[in-house]
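Letters A, B, C and D mark the chains in the order given here, with residues in each chain numbered from 1 onward.
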Amino acid sequence: MDFALSPSATKLRDELLAFMDERVYPAEATYRRQMSELADPHGHPPVLEALKAEARGRGLWNLFFPGQLSNVDYAPLAEIMGRSMLGPEACNCAAPDTGNMELLALFGSDEQKARWLQPLLDAEIRSAFAMTEPDVASSDATNISCRIERVGGDYVINGRKWWISGAASRRCEVLIVMGKTDTDAAPYSQQSMILVPTHTAGVTVVRNLDVFGYTDREGHCEVTFANVRVPAGNLLGQEGAGFLMAQARLGPGRVHHCMRTIGVAERALELMCRRVQGRVAFGKALADQGVIQQWIADARIDIDQARLYTLHAAWLMDSEGNRAARTAVSGIKVAVPNMALRVIDHAIQAHGAAGVGDDFPLAWMYAHVRTLRLADGPDEVHRGVVARHELRKWVT
Amino acid sequence: MDFALSPSATKLRDELLAFMDERVYPAEATYRRQMSELADPHGHPPVLEALKAEARGRGLWNLFFPGQLSNVDYAPLAEIMGRSMLGPEACNCAAPDTGNMELLALFGSDEQKARWLQPLLDAEIRSAFAMTEPDVASSDATNISCRIERVGGDYVINGRKWWISGAASRRCEVLIVMGKTDTDAAPYSQQSMILVPTHTAGVTVVRNLDVFGYTDREGHCEVTFANVRVPAGNLLGQEGAGFLMAQARLGPGRVHHCMRTIGVAERALELMCRRVQGRVAFGKALADQGVIQQWIADARIDIDQARLYTLHAAWLMDSEGNRAARTAVSGIKVAVPNMALRVIDHAIQAHGAAGVGDDFPLAWMYAHVRTLRLADGPDEVHRGVVARHELRKWVT
Amino acid sequence: MDFALSPSATKLRDELLAFMDERVYPAEATYRRQMSELADPHGHPPVLEALKAEARGRGLWNLFFPGQLSNVDYAPLAEIMGRSMLGPEACNCAAPDTGNMELLALFGSDEQKARWLQPLLDAEIRSAFAMTEPDVASSDATNISCRIERVGGDYVINGRKWWISGAASRRCEVLIVMGKTDTDAAPYSQQSMILVPTHTAGVTVVRNLDVFGYTDREGHCEVTFANVRVPAGNLLGQEGAGFLMAQARLGPGRVHHCMRTIGVAERALELMCRRVQGRVAFGKALADQGVIQQWIADARIDIDQARLYTLHAAWLMDSEGNRAARTAVSGIKVAVPNMALRVIDHAIQAHGAAGVGDDFPLAWMYAHVRTLRLADGPDEVHRGVVARHELRKWVT
Amino acid sequence: MDFALSPSATKLRDELLAFMDERVYPAEATYRRQMSELADPHGHPPVLEALKAEARGRGLWNLFFPGQLSNVDYAPLAEIMGRSMLGPEACNCAAPDTGNMELLALFGSDEQKARWLQPLLDAEIRSAFAMTEPDVASSDATNISCRIERVGGDYVINGRKWWISGAASRRCEVLIVMGKTDTDAAPYSQQSMILVPTHTAGVTVVRNLDVFGYTDREGHCEVTFANVRVPAGNLLGQEGAGFLMAQARLGPGRVHHCMRTIGVAERALELMCRRVQGRVAFGKALADQGVIQQWIADARIDIDQARLYTLHAAWLMDSEGNRAARTAVSGIKVAVPNMALRVIDHAIQAHGAAGVGDDFPLAWMYAHVRTLRLADGPDEVHRGVVARHELRKWVT
């Protein structure tokens, strides 16, 4: 057993840490200023382009991409990027594009790769993944009601999706839509995925959905598909393989999400530690008060456990395959966001009123991480996966 | 021991319930539409004026006001109003005006009452209370740095305040400002309160502060006071009495806040119960799933305990005075918001992705209630009050 | 709404407090010494008889008995008795006899009352209630497998019961046994109760069961019934009424249990407060350390809420009947033991190693209260009762 | 990063698993029977000797001993032993002897090693470590009041210790006593350790202390030292080095304790999984009830995190030394017992009444693990260590 990073991962980590210190953290204030000047919550501030160029120049680009790094080597980098809201996009490692690029790499035709994968790898366009539906509990894939029907050489899509992250971006050029092609097939063979250019007739972004009051730049949209017609060649992979591809997409994606979230928790802990060393109440620095020390200790203990747990899941994927790691991935999907919320909440409390406003990123972090207890399956569904796996070990 | 409402409180409760059902709940959609049309987060939607006229006509007006009702009779009404974000303002029972009206009633001169109390009671103007400061841990009143200095027949105010709720309202006409008049006095005799018309020269609303991304209509503002000069007659009460008046203001105010918050929790529980009876996942209504039933049961159990605890504190104030109830009030100040956050968080989880957006009021409730663990003293300070009181019982 | 005790309850409370201070607390050390000298964990120490004579002389006897006091008047007395492990028995208000006496009073024939109720009221004998079975989840009454069969003028009982509290006492003269008389009846009409003298042929106390290592004086026994024959006149109430009578028994019994448990929690809090004011670590009295203050504050807050919640349930029983109070009683059954365990656990932690031993009663309290989360239905079953009641309010 | 066990650790693990399956688990019932027959809670049942001979023959003996295995290789073995209350002693890897053997190996003179270390390695005698004192908060070593005074060629010891684990064993031949040799030295240089044969004049085992009602076989004793005289050669290490040696002893010892405790939690989870698959309530197997599935999932998630966290601390000790691992060791000292208590408590609840008795080892596990939140420094002290280390990273 060896917990040390590999030499190549160590080198990348050091380069990434330098990039964060030299460019990303200093750009945060610039970003806020530019967003404020744009007066468009879905605008694209120039500082991001400068960061992207710099990251690419430094070789810190598309590190998530299959074949680049093992999961266990990439995971610590995802954590570091996650410390800043600008980090993942600066390095072209932001969701939902990463998962979409993986899908295209694994299942895309040459034509699909040329048209969408390459521009995504070059960060010239962005993409979205349209699975969740407003009218059903769509964490159960058998409930999906969106239809993808073959009509001649085309597929015709009808349905309503929401919480389609990224669809509010001016640069979002393509949606990967999950729907049913065959409602008579076996329950988990009814779903397929199809590539729908954002500007196809019949695609309507009905509205953007705020998260706890925050309008995210790339947005989370409600989108309707009304007799949307795309060529049959836009089908991603095989008919009926949608559920399996979604699972494949979600495995590494969940590890990335978790590691970025651990970065968020580390940032919150840093903010808490800094804050409490600079404030005095009732005759004593906050840092010297026992209750706050317990928050800090619990944060460190919980973060370290969650990181090791996530790294272990990444290592399982590398060494035994995504399928063998499935239960472990459900485990981190539950453990990490809940851990991060506890840390952030304590950091908010330690900041007093400043914690719930926007002078610090804590309230935004809380809102953002809170969605992860729901996104891509609520905690309760993932706990069920873990429990059923455990129970099978001890059938009497 | 008798837990029954008094006949007069029962009558008011029934009238208020009817008003909520007939007017307030139906107005919520109208309110959202009008706010959206106003395109001004600090605008004043007409539906509120209609509700206010109606409430006044029904005799459901200023029920909080000292002398109207006992605390234990008013508390259940505050809970009912709190179920809707429109309820308290409709009945002219909204913070921070209620506390400010109490201060004016108890300590104001006749002139002050004529100029500010009467229009507040008529809901023609609104007011704000400026205590919290950005640069110090101001839950410790000895840290307050704002200065109120006597210069001839005037007082001159210099300082920076923030989280001044209500100051963004177009109707906010007066600020009650807490500052130090005598830094050489005993630690809790240095503070005074003074009435400052919002439009006095030197008063600058620097910015509004969002709460978890939400821009509240009445706002939470950062306000600077630069050589602000007001007549000496604007001093509220005596020089040096600021701390005591703040305590007096906060006693009933905390009970009101807690009861409104219990109303919020009840609304969240109602939403959760309705939602889970209409959704199916993995072959079973959410309402039939054991985990969700445990959330509902814990919500009911926690709400009922918190309500009784708050009513008991109200009864203590009525029967033994605000001072004797001080520890109990610190207790409810801790217990109630934490309880409500647990209930709301479960309701969010039960709503899936819809829970974190704005189609339901849950995320807004969460953000709003989260501030109550900080406003007017963080949990930790109030727990300290309770603990020290308890320890004194058992000195060995 | 009036939280004050009635004058008669106030008088009894003051008398009981005096009895506790003058006799019961001082007897605790005597009790431990006598038990140690008896060298029989099921022995009967003389000090108890002295306490009982004294309580009877002071009119603090059988206060639980129906018709003596309302539930809301009795509840605060049960709390006070519960502060000492000797209190309830000293006043002849100890489980399981109280519930059994209620059953006999409500459903017993004159002959049954003469033979068993009167000696129980005089504390000359004790009794047990045999419902739980080892081989099935008997919190679901339909699972009960014990059979009570009519054979001529007798009933013949066969079955195995366990956790029969009180059956190890040398004074236990009668068991109220729950079993099925008619397995063809409707699910909740199959059960009956029958009075079985402890020394009837075929009744075997197989063993005593320890609780967390503690051998309770009155014991918790496993008892087998092998062709046990008793006269038909020993049937309690009607055939098929067993389930309903069990519910009736459990209502007030749960309130008493909860109030005694609140007394336990108060005692633990007292012990914690005393301890931390007498110990210094790392240069500071434990009482001055923030973490410990938070434990004390949370204990006070949680205890006060739980007490009011239990009193309210008692008041509901008095004013609207046991049936209307059923959900509230399930609520307190969940809330109170969980609260008490949190308080006791913190008190243990504050005592250091002394907390887990027997120089203080804390570990024993923990073990004893832990059983209450299971006895007479586990938390999860009672939460289900509360949840289903809540859901019915909001059927859409 | 590589989470795989080394080949040699894998081989030992497989051999140990076989030993557990073939000998240890089957011996548990024998052990209980023999203890019951001995009718002496501090007796020594023959089955243990058979297990020890077998373990020694299989080469599963003294695996903890410095130089045998790295910490990270030994840790998984400690977990496996910890699954049975017989495992550690069977393999001569039981506390407190392991820590005492380490001390003797590191700091003992040749004579001390010959007299005590060799018989301990051969499991012919046992030992105890006397640090904790009843009258002071001895988690703060500066509070220690026991005196060790040089008088001629001897040391004379006076003091009172308690919770001296192992001192009730008939085989306990030596106590390592911590006391102050020089109260004028710097605070952490006042303490020394000395070897005191159990049967020296002046050593009195005053009493055994039960833990939550359980009388542990090896006991936890209160021991007084009244003018106990031993030769100067019995001093362990240097005068004044007691505190540092205690720290050295506790580092690996805490890792071992944590890994054994993880084994306890795994066993509790196994018991829970088996139980719920064999019980039906309200028409459904317990295993199919959502609440119980959440308990199982949380147990698996929490155990896996705690194990990785502990292994990482072990690896830090191996790769960077005990000193560098100090904060991590405080972290696991807090995290692991709290985790195990949650798991065991859920397992108890899932077992119903059977969970609090002794037909299953769950209540005993709970009591035993509960002591670990206090033994060798309460949680709060260790959280303080972690917090202060964290704060130093972010001094502003």
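By our rule, a contact is a pair of C-beta atoms (placed from the backbone, for glycine too) under 8 Å apart; a residue touches a chain by one contact, two chains touch by 3 or more.
A quick note: this is a predicted structure, and the numbers were derived from the prediction, not measured.
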Chain whose Cα centroid lies at the greatest distance from that of chain B: D
Chain pair with more C-beta contacts, A-D versus B-D: A-D
Whole-Å gap between the CA centroids of chain A and chain B: 37
Chain centre separation (chain B, chain D; CA means) in Å: 52
Distance between chain centroids, defined by C-alpha means - chain A, chain D (Å): 42
Residue numbers of chain D (touch at least two other chains): 289-292, 294, 380
Touch list for chain A against partner chain D, complex: 1-6, 9, 72-73, 269-270, 273-274, 276-278, 287, 290, 292-294, 296-301, 304-306, 308-309, 311-312, 315-316, 319, 328, 331, 334-335, 380, 382-391, 393-396
Chain C - residues contacting chain D, complex: 132, 134, 136-137, 139-140, 143, 162-163, 209-215, 220, 279-282, 286, 289, 291, 348-349, 352-358, 363-364, 366-367, 370-371, 373-375, 378-381
Chain D-facing residues of chain B, complex: 289-292, 294
